[in-house]
Amino acid sequence: MTQPAMDVSAGAPTRSYPLYLRDIAGVAAILVAGAAGYWLFPDNLALLTRIIAVALLVLSLDLITGYCGVASLGQATLFGAGAYAVGFACVHGGVTEPLTLMLIGAVAGATAGLAMGAIMLRAHGLAQLVLSIAIVQLGHEAANKFTGYTGGSDGLAGLSVNPLFGVFEFDLWGRTAYLFGLALLVVVFALLRVVVSSPFGVLCRGVRQDPVRVKAMGAFVFPVILKMFVISGAVAGLGGALAAISTQVVGLDSISFELSANALVMLVLGGLGTLYGALVGTVIFMAFEHVVSAINPFHWLTMVGALLVAVVLVAPGGLVNLAGKVGGIGRSKGSKP
Amino acid sequence: MSDLFRVDGLTKSFGGLAVSRAISLAMAPGERLALIGPNGAGKTTFVNLVTGQLRPNAGRVVLNGEDVTSLGAVRRVRKGLVRTFQVTRLFAEMTPREHVTLTVLQREGKATGIIGRFLGNHTVAEEVDDLLDVLGLVEKADRPVGEIAYGQQRLLEIAIALALKPQVLLLDEPAAGVPSSETPRIEQALARLPASLAVMMIEHDMDLVFRFARRVVVLAAGAIIFQGPPAEVAADARVREAYLGNYANARRVA
Amino acid sequence: MPGCGCEAASPTALHGLAVFMQTTLSIATDAFAYGMVLFIISIGLSLTMGLMRVVNLAHGAFAMIGGYIASYITRDLGWGYVPAILLGVAGTIIIAAPFERLLFRRIYGKPELLQVLMTIGITFCVIGVTNYFFGPTLKTIPLPDILTRPVDIGFRTIAAHRLFVMACGVGVAAALWFLIEKTGFGIKLRAAVDNAAMTDALGVRTPVVYAIAFAVAVGLAAFGGIIGAEFLPVEPYYALRYMVLFLVVVSVGGAGSILGTLVACLALGAVDTVGRYLMPDFGNFFFYAAVIAIVFAFPRGFFGRAQ
């Protein structure tokens, strides 16, 4: 039962060193899992690539929800901004170089993140949540109605992308897309670990726990969260760009309330504020979805609902935290006088 | 003016209720001042007015000859006007070391960098160690704040404030909620505050006030009713009236 | 348009004016009736949010359940409209009771995020189960003859159903006002809203107050879902489709405020209806744009009490 590697955080003064090792282990784990996926499910690489794209979205949500404490039900806005920007650039603008397209996706996502953050941070609580939903719905309506640019409900189809580095063709089986996505995920994840371990990352955690204390430390709160929104937007935009390039089509579902809500579910399922939870939650949720929705999409909705209720009741800290304290499931809830 | 810090005619009312009435007060560098008063005298409102959480209806707050009345709370902190909280406001999941490091980095303008490592800066780490040492927090430096004793959390509040290198420090009931066995440690920490720092302490514990303060200001019903050395406070008729008035009246009626 | 506006107005201009008036009036009646439907459904949400501080995203699901029951009663059992309303409301409350007892009570006072997740989860479950039993098609609730006739109100005629909805809205507002301002229960309710712990200490059984308020809220949702089916058609995704609408109304109006909710409903109902009439293709687009603008301008709600 006792896992030796668990208690790294108990306070040696050189604490950052083991954490640093843990991040290397984390990146290695992603690579191993990714390679395993490649060999075990060669016929499902499109799904696996989709999982990576959504994992980027969930990571981006973790940045603002898990680290800054801003709940959003509209995170797919940033994902969709990246996806549609890549779609426009490729279909209407004739840009076909994949890395340039990724950059466009990231910049579009970051810009959308800046705007969305500036709007959402006006309000708190329910009003903030409502703003996030309204923003994603607005984006959805816009994508739906401006059919000339977006293809409306048919989606923006016909992205033809050049080979990666001029060599690796985006093939029919999705091998290139998957390996490219995996590399992207590893790079982004490593960079985000740097960001959340930086002074800025710690400051964000402070903002989440007590903004008043942060102000009394002489730090402004608004620009800090806004900055995180921009970073979050870039990450989500990369996810959208990956989805667009790998499937060669941008659908309305990439900027939808459903995707936003699912992203939040995946994040909470895995656990907030660790980045690892975002990955674990995404993989489990989407694998589950793949299996169940193949049987009946409406059963799937019921199951997600039940899953959510169960997570709130049993593991409000998410699976990553639950794994740490398997013994204590029944302790927190249950008996209320 | 040689005053380091000064408030002129600070006035605030909520609805029709005046909670601060033309409060004027000055502090020199190195001053040790205690602000006392019965419950509801307006002490917390006064702190909030001084630190910028509230805007006054009239009056000015002046720091180093500069009018800071129009500045927000964050900017006043950056100018050297720093407070602690009556009920600790700390990040339960972070360690004392992380709190103080974050504060030092913020003071140095490095708290929003996304590249550097949080604990990687050697000079910052030394300063943090010194501060933790001064306040006797070295042993608990790497435990989450949620797990350390309340008295130590109060000390950490002071450490954070000192990490900002303040010119004026407002201590809002530094010993509130601390078991009496731990009060001496707070008192020790207060005795070791930098000599040039002007400190205003709001406190109920009269022993602490008398040992710490060179000057006492008594606030009642939003106005200053007494200023002077601690020895004269107890003898002042208005102070007795403010603290004991209700009881005295009650006795008279009965 | 003919260019002469000086002499006796030409018949075409007069006709144009009449058409314009007619359109404006029918937009106004629709907007008002629609706003009232929003009000009836949302006021329960507003009160429970103000009272229990729960961000309840499942409120629309209860309105939908009411609609399904009423549709089943009128179409499958062939009973009348009035029993459909009564049984729809009662049935929804009965269905909702275990939700309150077993699930909602666990999230009172919990972090907002958990409340959002659980109530979204409940919404998903309700959608999935409804779909399983009733299929994905749209359900109608046939109106009785008396409500389908046009009614002459002097200068023009409007559909009786519209009048009925407006009357219900006004009635609900008045009844709630009476309940909250004039009855003993209202006093306990307001006290519990202001300070639950203190009210508890004074011997008021707040869980009971909560349960009653929850039942009233759910009943109103079901009522609004039934009589508003002409405006918000009953289908499985109802709960998700109109979730934002109800939340927006509450956040704009200020949780717990009857007047605020009423104003917000009428304003947003007007924006939505006008948008649909004038730009049918972009109706939702302008609605959400208006929502963002309003919440941005009034982040604490019209009357400053939103959380």
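Letters A, B and C mark the chains in the order given here, with residues in each chain numbered from 1 onward.
Going forward, a contact is a pair of C-beta atoms (placed from the backbone, for glycine too) under 8 Å apart; a residue touches a chain by one contact, two chains touch by 3 or more.
Which protein is which chain? UniProt says A = Branched-chain amino acid ABC transporter permease; B = ABC transporter ATP-binding protein; C = ABC transporter permease.
What you are looking at is a predicted structure, and each value in this text was computed from that prediction instead of being measured.
Enquirer: Out of every possible chain pairing, which has the most C-beta contacts?
Expert: Comparing chain pairs, contacts are most numerous for A-C.
Enquirer: Would you mind checking which chain's C-alpha centre is most distant from the centre of subunit C (ABC transporter permease)?
Expert: So the chain farthest away from subunit C (ABC transporter permease) turns out to be B.
Enquirer: With centres defined from CA atoms, tell me which chain sits nearest the overall protein centre.
Expert: Taking the mean of all protein C-alpha atoms as reference, the closest chain is A.
Enquirer: Between subunit A and subunit B, tell me the centre distance in angstrom, where each centre is the average of that chain's C-alpha atoms.
Expert: 42
Enquirer: Just give me the whole-number Å value for how far the CA centre of subunit A lies from that of subunit C (ABC transporter permease).
Expert: Chain centres of subunit A and subunit C (ABC transporter permease), defined by C-alpha means, are spaced 34 Å apart.
Enquirer: Any idea how many Å lie between the Cα centroids of subunit B and subunit C (ABC transporter permease)?
Expert: 50
Enquirer: Applying the document's contact rule, which stretches of subunit A touch subunit C (ABC transporter permease) when the two form their complex?
Expert: So the residues of subunit A in touch with subunit C (ABC transporter permease) come to 65, 71, 73, 119, 122-127, 129-131, 133-135, 137-138, 141-142, 145, 257-258, 261, 264-265, 268, 298-309, 311-313, 316, 333, 336.
Enquirer: Name, in rising order, each residue of subunit A that touches subunit B in their complex.
Expert: Answer in residue numbers: 11-13, 15-16, 194-195, 197-203, 205-206, 209-210, 212-213, 215-220, 223-224, 227, 231.
Enquirer: For the complex, give me every residue of subunit C (ABC transporter permease) touching subunit A.
Expert: The touching residues are 49, 55, 103, 105-107, 110, 112-114, 116-118, 120-129, 131-132, 236, 240, 243-244, 247-248, 250-251, 255, 281-282, 284-285, 288-289, 291-292, 295-296, 299-301, 306-307.
Enquirer: Would you tell me which residues of subunit B are touching subunit A in their complex?
Expert: Those in contact with subunit A are residues 51, 73-74, 77-78, 82-83, 85, 89-95, 98, 101-103, 105-107, 110-120, 141-143, 160, 164.
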